[in-house]
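In structure tokens below, several structures.
Note that chain A is present in both complexes that follow, paired respectively with chain B and with chain C.
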Partner chain A sequence: MFLSERRRGQLAALSIAAVVIIVGVPLWWRTTETYRAWLPVSQIKELAKLQLQLSADVEVVFARGTVTPEQQKKVPLTQTQEEERAIDGDLIILFLILLIRNTKLESKFFSCHVLFLPEDTALSESPCGSLVVYVIPESSSLLPEDVNVYIGQRRTALLRIGPQMRVGKTLEQLLAHLEPRIKQVLQVMSFSHNDITAALSDRVRFSPDNKESIADSMRAFKSSPGYEITFSLLNPDPKSHRLHWDIEGAVQTYIQPLLTKLSPVANFSIDSQTLYYTMLGVNPRFDTSRSAYTLNADSLAHVINPVEARLGSNAASSNPVLNFLLYVPDAQHSPLYIQGRKKQEVPSNAFHSPRWGGIMVYNVNGFYGSEPEFPVDINIDMAKVMGVFLAQLRLLLGVQSSTPPPGFLVARCGSTGLADWELDRLMWSRSVENVATATTTITSLAQLLDQIGNIVINDNIAQQVSSAVTSLQLAVAELEAGNLGFALQYSKEAILASEKAFFDPSLLHLLYFPDDQKFAIYIPLFLPMCVPILLSLLKIVSEARQRLEC
Partner chain B sequence: HYAAAQKQAEPAVLQPTPQPKDDFQEELVVRPLHSGDIYASFQFRTLWETDFMRGNKVSHYRLFPKSLGQVISKFSVRELHISFTQGYWRTMQWGQPYLPSPPGAELWVWFQDSVTDVDATWKELTNVLSGIFCASLNFIDSTNTVQPSASFKPLGIGNVTDHRFLRYATLPREIVCTENLTPWKKLLPCGSKAGLAVLLKSEKLFHSSFHSQAVHIRPVCQDWQCKTTSWELRQTLNVVFDLHNSGQGKREWSLFKMFSRTLTEACPLASSSKIYIDITDNPEQFELSPATSLLSQAMVLGDRRTFSVYDLTQQDTFGSVRSLNLLIRWKSTEGDMLRPLLHAERYVAGYGLQTGEIHTLMYNHHPYRSFPVLLLDSVPWYLRLYIHTLTVTSKGKDNKPSYIHYQPSKDRVRPHLLEMLVQLPPNSVTEVTVQFERALLKWTEYTPDPNHGFYVGSSVISSLVPSTVAMDTNSTRERPLFSSFFPCKEESSYFVRVYTEPLLVNLPTPDFSMPYNVICLTCTVVAVGYGSLYNLLTRSFQIEEPSPGLAKRIANVIRKMRGVPPL
Partner chain C sequence: IFFRQGNNIFFGDSAGQFFSSGHTNNWAVLVCTSRFWFNYRHVANTLSVYRSVKRLGIPDSHIVLMLADDMACNHRNPKPATVFSHKNMELNVYGDDVEVDYRGYEVTVENFLRVLTGRLPPSTPRSKRLLSDDRSNILIYLTGHGGNGFLKFQDSEEISNVELADAFEQMWQKRRYNELLFIIDTCQGASMYERFYSPNLMALASSQVGEDSLSHQPDLAIGVHLMDRYTFYLLEFLEDIHPASKANMNDLFKVCPKSQCVSTPGHRTDLFLRDPGSVLITDFFGSVRKVEITTEAIDLTDPIKEVEERYMHSYVDQLPVSEIIHQKPKQKDWHPPDGFILGLWTLILLVFFQTYGVKHLRHIF
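Coming up: the complex of A and B.
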């Protein structure tokens, strides 16, 4: 009787413990857990290694007199050249070059159009990201004497064979001779190691040998799906100057062609405003020798801030703003010249600020005449202004005008202000930059979510993350296949999706839910419930042990 | 840089300079009030002949501020009215303001009919505006936005009257200060560097009884036949100074005393820059110096007023000292003001924290004319209106509204909207009462300072009020007899909007440590119940010998000492 009563008590304690463990704990766990949707973590980790392969199609056309007909038949149809470069440890970039022989066009083309440069013909149409290199004999009169390589406005180049490569040489020798030179052309027209390093500047540690390209990349705006371009006319002295600028016409004539050309890279919107009574942040110094006011290069850094407060941000979008200011100095401080570091005069009277915009000083004291009667009506010469702004715009957008190697002749860019291959170059580096940025964003988001267990991951965030990952994978694949246009498109989508996921406000809701407060709420319930269960379990265990010992 | 390396700009080519399509005007009206205060009203108007409608991309700005232009074109706004007010306009002491506004922030917007999702656009617009004006307009959401059916009609051209495209919201708790004035001044073409805007010094403007600044954007006709339309941006700033009470004791005011600035020039971009002083009561009550010969008469709010005009674009206005410091000196403190014909007030009645009653009183001071008024009330959802208790009485009799539009609230979604057209009998008080119940909020819905109370926005009363000129029976004396038999219709009524006081209502406010206390208490009760149950289930029970009583034990001790066997 006594024993069975004890036994019943033990059984009751055990069953209560079992109910608490089987029903209570899972119920508590399920009702208090935060919702966390599934994320493709393994794919993100895969992407974080950033193994990029860039490949560019290069079509090589041999002109008559460079190879014999027999050799021509033997030229391999495709040839792959790989070049592997490691950038900063684990990032590996593979340059992959495809050489494709073209047998149909070469003889006809050069016999008919000897006087024309290749871009004038419809033959030179080639898809975005690819190149056509025409190999011409050493004796050809198509290029001036000292020029070995001519780079056209489109995606074409003329390459003159070196003097040591006479007709008698074998095909292998010829190809071996051409290979480094084609690579050189590719570096000018598509991408080079430095460009890619600059595009990856966020991820790469600064090293002295790529200083130049880093400086270039720091000047240019970060890659973004859209830019707002704002032209502001600053008139600090409306009492003396009544300024008229035909900004609408000037934008149509000078800026719009370039932006239309750049439209695959980003969307641009242009607006302009006139601001009155805006002063520069520094007082210009009067230079008696020139009877003019001067602004030193050192003080230019202080010019922008007070003006910036008046510029106003764009209310309608969150894209980065490129500011171009035309400053007309007031009548008392006129003329005003900008002085370079070595006290020399800056011919354009303008300067730019990296990742911000440009400022040009436009002196109008030439309009006063002998007996000025204020206010003076002044029509601003927009051709002069827009020339400066266009050059600054190219710099700020990252259209690099690096000096070509010796022996290269680069065609003057036409009416659009941008050659096709320059656009390609920009698209290559932008694609790589977008891929790198989106990868960084997604990786850090995944890390953050992994570290902080309190964050709720809603389905829409998971969806954004997966679509970003898919776009990234597609972009990487397209880069590998050499489809530059698609690669850029996918990389832009990846950026948009990853930023949307990263900045989603729903991530913040339960972020600050400290553990000590949670325990303060749980303890009044859990402590009185768990202590008797634990004690009786301990008692049962110790009794069982005693019985075993007996 | 491949720019032309020219040092000097070439001499001007004689081109005809294009006529600018925009125009800027500035104006200051000063009205000495009978209470001894002084009322200054600034208006800055930018007109721009352009077309924001029909999807035209407008991107080149001259006088019109770029930020507002971008807002209009991005959100397809037809009309935008926003005001920030600190203090309450005392209609009975000060008369009618030129531009009425309720305390706090008020925003009402008419969207173009091309907008498909008006609510989403409205939400985005309030967020952008809160950035532009540094105000908490982002707190405008569906719980304080209404769509009035009759009270707010478009003030510009356009015949859209479908109130689906109208949104109206007020934030009665909004506090207006320097950080709202600075972005407002930045919208002016001359900033605060020249023209009348140099007077707008925040340390003086906010040291006043009433301060209100507003921005109104609307499309207007450019010419008589309305062939071309243009956009009007009107920035207004109204301020009432209480200089008499602030120490001097003398009734003598000047621009310098009011604004601690004098005027030296007009804004060079303004086509007109004028100061008007309301001298209708001159010379009986006050004198002005320097005196001006320029006088102007205008019908303002149903009254014929006379103004002295100072034209700042004329150099001789500034005199030999090249600075204008207007001086107004009061001669006597007597004189009575014409009572405003329409006036309203509002209060909460009742006791306790469960129910209450909102009383709205509307006064018609016209001696013999009755006129209809539109009353708009927007009450938050946490005051649950009992609409069956709505009564409208005037002169002790039931006054049946001819039009009632009522939209009930939804908890946490939208407020009550009540609009009524009521006829106010002459010389009467009309009282509108409605009872309400206070809701208990969720504990996260209380404001950081819940014991302060919750604000209910002002009622809006819009009306066409008979003109005081028409009321003036003596006017027949000055006019030829043949012109004065029938009352002149054009001047017979004018539009007035009156805002009542906002209400401050106390809601039942819990002790905010309550949730934790409740959790602790519940847990303790559960734990006690559980503990006893657990004990009952797991303890094994045995019958125990009852222990001997106290007396018996003492007896046993004594017996032991004596050596006798225990009991």
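Coming up: the complex of A and C.
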């Protein structure tokens, strides 16, 4: 079959056009599209609403003399109390308090008049996140006169019934009287509205009336999977003082118990160093009234920077560093005292800087003896030093010791430096903070990937995002169920996965192509090819139309 | 004045200062985007700002300095190991304690954006990272050759104002800064901050769109211009600032008027939440720490345990070493070899003309 030349030409043009459109265009599209793995966007949007439900178990034990035996039979076993608060409009947090009322008459604990709580017994091994409140009669002499609530070291509290409940009380009246007071205890020992708002300071900007919590949130380090702690001894005058400090023993005895207790919250690594010939950088003034040198509060701010330039650190990770410095003043400037803003004495002789660390001045002129022969050998009293550093460490890690309401008596924290309920408080606020931060990270990552269509989303990023979403959902579920330990663990996993996904190095591509640059690349490739095809197609069409007309 | 009884916080008259700025630490990212001997002034600019920032208190660990660093030991430098910022060689800004974090060919757009957004490979050391948090005030200073909407990096690539704005937005999303001050000393510098849209950014530029930033004075012995005008007068202004100074941003905006600078410096404060008059210079250029007196101490009574045995120390795996070692090599995008496209088209045209012959071209056209 012989086709005419013209027919052959038309067929050639048509087939070239067909190949270009059917094969070429999809091939070009496929080879220039970026690989984007699937992300669970709908689940991320669900999580972004951040509806958290925190529930704490409180066990209430009625001591003898508070309820009559008939009333005791009628006390309901469990009762829940809910409180809903909205923070910043779009997120709602439900405080759900499950009260398991459990009446037991443990009279043997309350007959003695000593203020030792039944804490050391096996009875009060409450799991973390829960509390035990013992209700004692009004006439009990366990607590001093003006104290109505005593908070012990290990998640227990003693609550004294008020005087109005003395005569002719019914069970309903008693319960109604107790509920708000138990709630108040819970706010001190577990979480309060202010604590949760402070933990969410990422998403919520503060109202200026709550200055205390602003200062607290600025002082404590943000939640991080690990921290580095460095203890430094600064000796500006080695010719006069030869200092010995048993830092290893002191850390093992005093600091390590606290850090072991805090291990569910974060990992800690400790190191220490000694620096010689490092001055403070600020000249102290001689105060004749105290015959000592003083540093007043305003000049303390300028002490840190010159010293910090000389501090070494072996941190190979990106964890935040807490520095604790022990400064022994040189012989010419001994003794050196720190003055408060109102020129008052500071017994600890120490100060700290938010999110950095603390400095303590240790005067050694008392150790000189009668005929000092320089250099003097001095053994530093590590118990005193570590007492101050422990207190500063507590503040910097966010263990707030806010003023308790009137009528409350709080037991001093033990030798570990941290009461169990303080640990619980920290865990609550850390869990909420972790969940909020991980949610924000994942949401902004999803938004970013959505906005910039050219970024490649590798499989490992999608996998990290999915695991972060799963961990977040689990953490929220555990918070609802009241399992604080698991909630914190899941929230930490969520943070790690979300940070890994967000900061993945592959997500950075120089992907801004202005339109004129795109045209400049494609035109020399496609225009020479398309022009003959288009023109020949047009010719075919016009010829066909001509034939139809005539 | 706030007074909380029996507790750790005693707020004196600086309570206002504590709350108003809201930052607890300072960072600085100083970038010089040029290389080669005739761009001596850009390196001198950056080093002078570096010295001021260090003098006012920001430590090296909080400064990310990116320089080509090819001036001090350049073969054409008549005084090796020095970089001067005043003619007659008055002030050597190189000194002996300069810590350059990114030098030479490491100063690229990619590394700059990685530093800002934090997307660095896990093997990057701490000194090369910007480890800021939501309470950090960051100062970013860029200098070099720029144009309308772009800044040239080392003569081979450029960063556009859209990319910069997007990088700042990513920093904001991850709350990597509290407040950010952006200073740029290039030609048409104001175009670089036009596209910002994240909150809490304040920007200053040495010239408006369409204007050139001019250099200050040449030194006849060295043979090149030593500084740019805007940075020169900026530095004169900063020399009067000490760590306790109360000068505010409005004074900074007045630096280098048109009579001295020949170009018109510009600034942008609409995205900044605080009033510029209440922002101290030391909020960005210095590092004034907030301090609180420690009023509590814990009573420790246990005696120190004897550390008899050496404990088996376990080292926390701080770097994901196995990941780094077994990292797959970076996927490089495949490009067809050079000249391929040209050759391809030549072949297509040859085949076409051979099949149809030139005289048949009128069938097509």
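The criterion applied here is as follows: the second predicted complex is superposed on the first by the 462 of 550 C-alpha atoms of A that agree within 3 Å, B and C clash if a C-alpha of one lies under 4 Å from a C-alpha of the other, contacts with A are read in each partner's own complex, and residues count from 1 in each chain.
Criterion: contacts are C-beta pairs under 8 Å (C-beta built on N, C-alpha and C of every residue); 3 or more make two chains touch, one makes a residue touch a chain.
None of the values given here were measured: they were computed from a predicted structure.
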Legend entry - Touching partner for A:Arg355 - first (chain B), second (chain C), both, neither: second
Inset, instruction - Classify the contacts of A:Asp271 with the two partner chains as first (chain B alone), second (chain C alone), both, or neither. - result: first
Inset, instruction - Examine A:Glu248 and indicate which partner it touches, taking first as chain B and second as chain C; both and neither are also allowed. - result: both
Inset, instruction - Quick one: classify A:Val147 as touching chain B (first), chain C (second), both or neither. - result: neither
Inset, instruction - State whether chain B or chain C is in contact with more residues of chain A in the superposed arrangement. - result: C
Inset, instruction - May I ask you to decide whether A:Gly9 touches chain B, chain C, both, or neither, giving the answer as first, second, both or neither? - result: both
Inset, instruction - Scan A:Leu474 for contacts with chain B and chain C and give back first, second, both or neither. - result: neither
Legend entry - Touched partner set for A:Val282, first chain B, second chain C, both or neither: neither
Inset, instruction - Look at A:Pro532 in the shared chain and tell me whether it touches chain B only, chain C only, both, or neither; answer first, second, both or neither. - result: both
Inset, instruction - Could you look at A:Leu448 and tell me whether it touches chain B, chain C, both or neither (first, second, both, neither)? - result: second
Legend entry - chain A residues contacted in one complex by chain B, in the other by chain C: 5-6, 9, 13, 248, 269, 315-316, 346-348, 350, 384, 387-388, 391-392, 524-525, 528-529, 532, 536
Inset, instruction - Within their complex, state which residues of chain A touch chain B. - result: 2, 5-6, 8-10, 12-13, 16, 230, 238-239, 242, 244, 247-248, 269-274, 276-277, 310, 312-316, 335, 337, 345-348, 350, 362-367, 369, 375, 377-379, 381, 384, 387-388, 391-392, 520-521, 524-525, 527-529, 532-533, 536
Legend entry - Interfacial residue positions of chain B with respect to chain A in the complex: 1-13, 15, 17-18, 59-63, 65-68, 70-71, 73-74, 128, 131-132, 186, 189-191, 193-194, 265, 268-269, 516, 519-520, 523-524, 526-528, 530-531, 534-535, 537-542
Legend entry - For the chain C and chain A complex, residues of the former touching the latter: 2, 4-15, 18-19, 22, 24-25, 57-61, 109-110, 113-114, 117-121, 125-126, 129, 131, 133-135, 160, 162-163, 166, 170, 173-175, 243-244, 287-307, 316, 318-319, 341, 345, 348, 356, 360, 363-365
Legend entry - Residue numbers on chain A that touch chain C, as the complex places them: 5-6, 9, 13, 201-202, 208, 211-212, 214-215, 218-219, 222, 226, 246, 248-250, 252-254, 267, 269, 297-298, 300-302, 304-305, 308-309, 315-318, 338, 340-342, 346-348, 350-356, 358, 360, 382-384, 386-388, 390-392, 394-395, 401-403, 412-413, 415, 417, 440-441, 444, 447-448, 452, 502-505, 507-508, 510, 512, 514, 524-525, 528-529, 532, 535-536, 539
